[in-house]
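Both of the next two complexes hold subunit A, though its partner changes from subunit B to subunit C.
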Partner chain A sequence: MTTTPTRTVPPYRSVLHPARAGFVHLLRAEWTKFWTVRAWLLVLAVAAVVTVVICQLGASGSSVSGGPPIVLGPGGEVVNDAFRLTHRTLTGDGTVTARVTGLKDASGKGLGPWTKAGIIVKSSLKPGSPYAAVMATPGHGVRMQWNFTHDKAGPSSDLTKAPQWLRLKRLGEKLTGYASVDGQNWTRLGEVRLDGLPGTVQVGLFVAAPVHEIVHRSFGGTSEVAGSGQATGTFDHLTFQGKSTDNGWTATDVGAPAPDARPGNSRPGTTTVSPTGTYALTGQGDIAPDENSPDMVQMSFQGVFMGLLFMVALGTLFVTTEYKRGLIRTTFTATPSRLKVLAAKTTVIATITFTTGLIATAIGFTLAQRTLRSNGFKPPEFPDLSLLENPALRAVVGSAVLLSLVAVLALSLGVVLRNSAGTIATVVVLVILPQILSFALPLPVAQWLLRATPAAAFAIQQGVTYYPQVQHNCLPESGCYPLTPYHGLAVLVAYTAAALLLAAWTVRRRDA
Partner chain B sequence: MSDATIEVRDLRKRFGRTLAVDGLSFTVEPGTVTGFVGPNGAGKSTTMRSLLGLDTPDEGQALIGGRPYHALRTPLLEVGALLDAAALHPSRRGRDHLRWLAHSHGLPMHRVDEVLEQVGMEQASRRRAGGYSLGMRQRLGIAAALLGDPPVLLLDEPVNGLDPEGIQWIRTLLRHLALEGRAILVSSHLMSELEDTADHLVVIGRGRLIADTAVADLLAAASGDRVRLRTSSRTEAMELLAREGGTVAVTDREILTVTGLPAERIVELLSASRVPFAEVGAHRATLEEAYMELTRDAVEFTSTTATDEDGVTSR
Partner chain C sequence: MRQLHAEWTKLRTLPSTWWLLAATVALTAAVGAAAVSSLTTRICPSPTACHEDTVKLALTGVQLSQAICLVLGALSIGAEYATGTIRTTLTAMPGRWRVLASKAATLSLLTAVAGALAVLSSLGLAHLILPTTPTNSATLRAAAGSILILVLVTLLGLSLATLLRDTAGAITLGLGILYVVPVLSHLVNSPTWQHRFQRWAPMPAGLSIQATTNLERLAIGPWPGLGVLAAYAVGLLGVGGAWFRLRDA
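Entry: the complex of A and B
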């Protein structure tokens, strides 16, 4: 056997200066990958156009005309302000005390949990005027409420077991509510300053009975049962301290007929006083925000739903095509730290989809608002919405964040599943299917779906605030999401974060 | 140890029930083109993926310049790799593919032009990769491997799909790159592709090392003392030479290969017995033949180990 002479060649030295492959370089590499595939740029443009066009179509399909006159509260919001009142004037400081002895259904359809009987101080009898009130309710104990949108819980006493003492004290613009079980020991419920409260106000006893609808839903069908729209509250031990121009008490239906009363359902209230000083007020209506008016913000974002599909496709393809072609090996050879690659891909896709989404939702919203204006959605019931103020700002930016999060969710699942069709199907099942199912499934299931799945994030597009002190059925088909806007978006953030962690774990563990 | 080496030490990698690489060790020194040869499924690609940190070995180490791949700070400047020429996005242009790679290391864009010129892809790189022939993809893949001007190159089947002109081009390129002092590992399942290119060979079969040898040594060993003989009287010649102690194999209709007898003795014997013959000459093995001989041993070897569960190696 012969031996070849050992070659002695000096090892090669690269002529290039080694620069550390930093994260900024990596971002630039991933960005280059994105824009050099023309189809992806096209999908991005189509996503924006489709979003704007469908927002516009959705808005032009909605119109409003006529309807009952609306009442605006002190904060400019649409409110219900109709109730039975037994009142007198109060000039200067003073106190009203009474004992609520019972609250009964007067319509035969059951008593709603938010039926109210209590004491109110109101700047005038005009519907929508500022007020503060203490009250007993059948379902939510003792409350102090003021100016429609504010609600403070008191003792959770039950009127059917024991009567409830209530007291409302006025000192200048300051109103303080108290509650007591025996009329001796008083608990302070809360204190509120009603700015601009006139010297002479109306004080008295009131009863309000909001219509409460019980919705029964099975697959495909929805039936509504309207509950009580009329209730009788009984009071005794009524005392009045202070100066009044009236000699006694007057009974009035404030805001009659009740704005939300159904045709043929509006009956005048009654007030009876027994010789022993027992007052029985029978009335309808409610003193609360009106949550049944159309949501002009939400109506302007119907295109986001479609734009989302394109973002899901982009997020998915940005990673799954690399797995399909074997390009991911080139990527990991250039950058052995796979977590950095995942971070760079996430950053690039999140930025691209957010920016495009923001442009699309801002334009879509502005155009949709203009269409809605010409379709009859006019101030004061539908005030002008500024793009730079909540809830419009929240909905525009939030929708862009939503699109971006969904793209990142798709990218993360793409890393885990390494397959385009499977990833897109999974994301659609997670984000869009719950929405569709929520229109058909029984209400508790539907609401659970909109709380527990990423679909909850669409709550960010809600412009109407759902107050806890208003009985609301929250029907998904009327655009109601059970979570508040930010909580809803947080659900999607949680899903996306979990998917990213799963992606980080698998991408490190598996062979490429 | 210098920077420009490839080292594989006791590498073992299992995929499910298949043992893809089974205790493989070898080293590639700077300045050589090492052919990495074995039939399809022998474990070549798994070894290369382990070297590039894409597969995690179950046991053993795969090192570049003495370090595992993930410890390299600027991998493209230290190792150039071509794993799969088809690993391109079809709608991305060739030069854009190189651009993102260059960006990942902050390399200047003129490097992209340089390597494209080096592989003769200046024109084609302006088209989308979806329309490339296999040969163009191979060239682009080699351009990507050369982008960081690395001292180590790992090329998996780079000749595959190239036309004769392309094969000649890559041979020249690899020889040239090796002369500059780079360590080059080129895998192939066809030994003939490595003829005139490789200085050294690492031959594997079923994940195990069969041979780690200089090409010159292998050829010398394979050629051995064989003599090639052309005769029209095949039978007489075979009987005569076998009687005299030679081992005779029929190579072709009129050609015999004789071992165990020197050429002069064969001429003497045939002449004495008046057996007609036309040519007598020392046999020179091709790389292909040497490889066939090696793998024939490997087949025998694997069939014995199939019954020997302890897997004691004895060659």
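Entry: the complex of A and C
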């Protein structure tokens, strides 16, 4: 006799793994949605190619031919180093003290705020050699500056009201600057170590008057009126302590332009000494980094403007097509948590556009650098830029970040507007129109636009460092952005974050 | 005539058309007013030495509203492709050139009216803010030219969408022409390329119609400049029409 065993049927269980609902699977789902649309992959490829090609086109259109001879500072940067100097040698340790009694305009074109009169210690009379100086300026008070790129603020001073005492002390390689209003109580301005300062150095009084530029801007062009600065600084109570091979003071124009320079461009300086010990130095030039050479980094990224357009389209379509075809309802049925869907979409589009952007900008930059090199942008004025060092690294990665941020901005607005035409137009207008308007609108508005709109992010492509101790007219058409690179990018980050928050809010609130 | 009536009905009954046209008027005037009120004589040595082109400044808004007109033009046929209405349209009116021509005609008329309102209100606001705004033949040229820019950009949108049969693609391409090319024309370092862009690319060239002073500094004259834009718009419309005629819907 056989008994048939009773079979118990197990209840139905889904064979899907519980982790299926996890974020990783959501990412995979969104990634699949992206790469299975052939047109989008094509657009991505076109974006990369167009970016590289336009970078190349921009670079091949730029060329440079021999200008005036350049001067390199101790750090290898291009500098201006021309000034009137009354000097003597100093061997070993020593101190120079003087009182600046006045600083007057000698050219009739106005006194620039960074006109300098003071005491300098310089390793030699060769332009570009290391130095440290204390000085009084009409617009920025007392300063201590060294090796062109360094600047330290001291007490404020007004030479038209009261004279200013200055002192520079040398101890080995160490230089200390002091300032005083009465010659009795001294405040220390700062101490600096100039490595490799020779035993015998040049010390003395100097006057430098940088070119004072006034910009006029109207439609059709910008005109710059350059007042070729010349200033007269007067000093008294000059005392020198230390060993010197010279018996008295000698006057020189350091970095005087070559005799074949354009006439009218430069006038020789003068030094007069009165019997009462008043020194009057008249000179022009500047001791500061030169910011007028073209920005070789920025020139290599013109294709990013075009690549951006495609990234905006991709970011928008990635969400608006779902709304158009109704796929969004399937998506939300599969994953009811809408914020998770938004997060997954954002992650996928950001990763894809960043990677593509990085490849495009890296290749575009490298090729453009090579073209620029053959167009006359050669060391030492234009040193080789390594892709793995700032500012090139910052500009390459920053441009890729810019592209992906713009795509995320488009995606977020796409969620809010649910319409491709409106979203694409809005984002492109928001990012690129301020740039165009900044070329034509009056300068204050133009600079405001480049601070307050997403166009500020293009500052990340700047390779030139703008030093605060150089008066500089930031003109948008010469590629200058009023914000520093990272602050500029932060503006776009803020816009993107705001758009994402708005998208998160609307996607939860509304029906799909 | 029937085609025109049909296209007019299609355009009229879409709420987006009226929104876009209203935005064209409002944004042109708003941006123009903002630009004009930003003008200060502080940056000039003296008010009389300030050679700002106030008419051009007042019409700055056109550079924003051209994007709206592009969208309007692209949507008028792109939306038909997206929803499939184009097949109904072509069944009812098999003459494809006629369909495209009546679309272009109704769009041009609507944009011209909206553009005229936009330009007039911009200039009116500028006149309120800056009493010295000149009114002469150059102003008239700039005003008429700005209306034509908006009409031509709408046609550009229509022709791009006809060519690509897709709104998003047409708008992306159109925005590239309207905005990216002008940016490149400013930032390219080579003067030769700058000059080429300003003469032969539709957008910097078309905008030269807005200039009323310093005409000798323009890369291309006002009317020839607008002619370049017109050549692109009409040429692309011709190519678009030919494709439209040859392809299946």
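Everything that follows uses one rule, which is that the second predicted complex is superposed on the first by the 483 of 512 C-alpha atoms of A that agree within 3 Å, B and C clash if a C-alpha of one lies under 4 Å from a C-alpha of the other, contacts with A are read in each partner's own complex, and residues count from 1 in each chain.
Just so it is clear, a contact is a pair of C-beta atoms (placed from the backbone, for glycine too) under 8 Å apart; a residue touches a chain by one contact, two chains touch by 3 or more.
Small disclaimer: the values here were computed from a predicted structure and weren't measured.
In the superposition on chain A, contact of A:374 is made with neither subunit B nor subunit C.
In the superposed pair of complexes, A:239 makes contact with neither subunit B nor subunit C. In the superposition on chain A, A:272 makes contact with neither subunit B nor subunit C. In the superposed pair of complexes, A:10 makes contact with subunit B only, with no contact to subunit C. When the two structures are aligned on the shared chain, A:91 is found in touch with neither subunit B nor subunit C.
Shared interface residues of subunit A (contacting subunit B in one complex, subunit C in the other): none. Within the complex formed with subunit B, the subunit A residues making contact are 1-4, 7-16, 18-22, 25-26, 28-30, 32-33, 36-39, 321-322, 325-327, 329-330, 332-337, 511-512.
On the subunit A side of its complex with subunit C, the touching residues are 54, 57-58, 61-63, 214-221, 294, 299, 302, 305-306, 308-310, 312-313, 316-317, 320, 324, 420-422, 424-425, 428-429, 432-433, 435-437, 439-445, 477, 479.
Taken together, the subunit C residues at the contact with subunit A in this complex read 35, 38-40, 43-45, 49-53, 56-57, 60, 63-64, 67-68, 70-71, 74-75, 78, 82, 167-169, 171-172, 175-176, 179-180, 182-184, 186-190, 192-193, 211, 213-214, 217-218.
Residues of subunit B touching subunit A in their complex: 2-5, 30-32, 49, 52-56, 69-70, 72-79, 81, 83-84, 86-93, 96-97, 99-101, 103-107, 111, 144, 148-151, 178-183, 199, 214, 216-217, 220-221.
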